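The structure is given below, and queries will be raised subsequently.
Chains: A, B and C, in written order; residue numbering restarts at 1 for each.
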Amino acid sequence: MDFLELVNFYIIPGLVIGSIYALGAVGITLVFAILRYAHLAHGDLATLGAFLALAVVTGFGISPLAALPIAILGTAAVAVGIDKVFYEHLRERPKIVTVMASLGIALMVRAVVQVIWGVDSESYVKGIVRPDVYFGLRIRDREIYTVIAMIALVGVLQVFLTQSKWGKAMRAMSDNPNLALLSGIDNKKVVMLTWIIAGGLCAAAGVFLGINTELKSMMGWNMLLPMFAAAILGGVGRVEGAVLGGLIVGVAEELSVLVLPSEYKAATAFAILLFMLLVRPTGLLRGKVL
Amino acid sequence: MTTLLSLQAVTGGYGDANILHAVSMTVSDREIVVIVGPNGAGKSTAMKAVFGLLNVRGGSIRFDGDDITGWVPNKIVQRGICYVPQVDNIFREMTIHENLEMGAFLRKGDLSAAFDRVYTLFPDLKERRKTPAGSLSGGQRQMVAMGRALMLDPKLLLLDEPTAGLSPKYMEQIFQICRDVRGTGVAILLVEQHAKQALEFADRGYVLAAGQNRHEGTGANLLADREVAEMFLGG
Amino acid sequence: MELYGLLNYALFMGVFIGIYALLALGLNIQWGFAGLFNAGIAGFFAVGAYTSAILTSAAAEGRIGGFELPVIVGWFGAMGAAALIAWPIGKICLRFRSDYLAIATIGIAEIIRLVIKSEAELTNSARGITGLPRPFGDLDYMASQAAYLGIVLVVLAIAYVLVERQFNAPWGRMMRAIRDNEDAARAMGKNIEYRRLEAFIFGAALMGLGGALFAHFNRSITPEAIDPMVATFLVWIMLILGGSGNNRGAILGAAVVWIIWSVSEIATDQLPHEYAVKAKYIRLFLIGLLLQLVLRFRPEGILPEPLRGDLRHTKEGNRS
């Protein structure tokens, strides 16, 4: 196999799926760091986002990219709502209780998708898209959009977190929650902001997964493990780590096919997760260990 | 001098058990008051009581004309008390400047005057404002912590063992900063392990043991008290 | 005829409740007593089912196994295999907060599912393993069903007695001390990781046994025999509703939830096909909602954890 082949058939698809994982992993890492629990409904929120976009695409006949902002807003609103109705009153209880609640939410969100949209595969646009060739690299437009959108969204988030008052408040809450409260930072607003961001990014992950593959009711749940592996690989609480982790997990999954039967692609993320917990639980960029 | 803070027979604790038993103390305007006592005496707990972090079951806490018993920390901050906890009192992953900014979170509008004030008190911090606070030395961290608390321009500053683990040189520097801070019109209530040095530098002091008042008086009087010296100052 | 059908259904239900009760007991060891979050119950269940199937079935072309060992050997094998899978996972994850274990168990259940689907030499892939022996399987239908229910109940009773005894023994006291105040227990020099590992492994072994009982009842096991997510979640709601930390609560929860679940299935199956399919998901939604309601309004469950003297009323507040 020559180098171009390696890039075309493994690296590029890996970076694309990795960008999608990254979008989800950033939300997971923020929730993990600020709210301090593993949110198991994250994947299914991505599914919901993807199907919300499908509704807009079929309803108004616009492209999935144009539907993306609506899906982001809708999913962010759902995420905030779920927090208010189901998670908020568990805040004083041990965090693991909320982890359990989120497993139930995962099931509920998925059930809603299955009732409304059924369990068959759907897609935004019919037909096969052939890749264009640039200097021997085979790339589809949608793959370019995916990577660029990920970079843009995470870039905006980084600017928000490092430059704005409320972004800094989120970092402060992640850094030292007690001191943040003593400084008068409004915990409730920070939590809400976290869910808006995490929910929005979930939707983006779901929509781009739908654009690049297809929409299924299990699509998000199947992404949960790679997304968590990415967040932990990068270091919990590290946004840039989640991106790095996502890309590594994506590429590693594609490359795994070279040494493992392709059925076990999904095992790659699991192996990475256990490996990191074993040798470096703080992740590549020294995140938190809860 | 008018009384700024007063605790009247405060009784309370974290869970059901009481840690403080009818503790009383006062701090006046522009006064430096120190609380000393053995480990586990309830010194930190007394501070937390002021800051609304304790279940207060008896007595009352008044500040600047208001009964603040049972207020949430958020409201107390706004009312003019800032608190530097004994441990974990900085945002490690944020820069010095961001730490200060978080201290002024409740303040609307232009912060430059507040930054100037704090950077004047702590010139070292200004030079390193872009440095993550977690990478600083112990003494500098304590300055960041105090700086953060001063950003809101409080009337009263609560400091819990600001010199713990610091070298004598830094200890002297922290005490000097306390005097400077008082010079800007802020009263200070602090807990100290270095009882002797603290009593020398404070206006007044309280000796707490087993959650109760034991002695009180001016620093000089307490230092001269034979019993205090034997029991709490190591002879 | 009516009566016969009803009786048959009751026996069926009894067997399933017994098997789920075993799973709930296993989860109670992990969650109720050690505070460990296992989101991969179905994985350990499947490992048990397949292990026993491989050990006890007749030889077949192109597949390892067919050892035709006695059923009881299969069942112990099932427990051993599930424990063996739990061991490395626990070893790696139990140093951290239970969130990490939750994620890792989701992962291991997924891997187990992949192995079952892809490794034909081991599991015969999609067709599964059939023709498993069933104790008293030679009796006529009703008698055989009843006999199997008897076996399940005996196994459940033994498990219950053993687990209950452990809980009241110093071991159980230590587990609760660790769960309720990890720092204090650590300060007293308890080997927390090791104790947790024990609890995780014991619990997994019971889940494996549940899987084996299930396989032999059906005389077969296939990848489609259970929906992993639904099964895992049902066991969780059984334990939480019944009362985590209470073994009788776990069994009661299994009965209540399984009756609700299977009776509602019968009810919705009467609907026209189009709605019947949707109804399944609506039931899933409602069972998820039930968990949220229990967590909010009755977190201690129907039968709260008994006060064993060493328990403080602030139990939950100290768990982290």
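Basically, contacts are C-beta pairs under 8 Å (C-beta built on N, C-alpha and C of every residue); 3 or more make two chains touch, one makes a residue touch a chain.
Each chain and its UniProt protein: A = Branched-chain amino acid transport system permease protein; B = Amino acid/amide ABC transporter ATP-binding protein 2 (HAAT family).
Predicted model, so just to flag it, every value in this text is computed and none were measured.
In summary, no chain was found to touch both chain A and chain C. Using mean Cα coordinates as chain centres, the one most removed from chain C is B. With centres taken as mean Cα positions, chain C sits 30 Å from chain A. Chain C has its Cα centroid 54 Å from the Cα centroid of chain B.
Distance between chain centres (mean CA atoms), chain A to chain B: 43 Å.
Along chain C, no residue makes contact with two or more other chains. Within chain B, no positions touching two or more other chains are listed.
Taken in their complex, chain B has these residues touching chain A: 51, 73-74, 77-78, 83, 85, 88-94, 98, 101-103, 105-106, 148, 152. Residue ranges on chain C touching chain A, taken from their complex, read 35, 37, 39, 89, 92-93, 96-100, 102-104, 106-108, 110-111, 114, 117-118, 229, 233, 236-237, 240, 278, 281-282, 284-285, 287-289, 291-292, 295-296, 299, 316-317, 319-320. Listed in rising order, the residues of chain A touching chain B in the complex are 165, 168-169, 171-172, 175-176, 178-186. Per the touch definition, chain A reaches chain C in the complex via residues 32, 37-38, 40, 86, 89-90, 93-97, 99-101, 103-105, 107-108, 110-112, 114-115, 221, 224-225, 228, 232, 261, 263-264, 266-267, 269-270, 273-274, 277-278, 281, 289-290.
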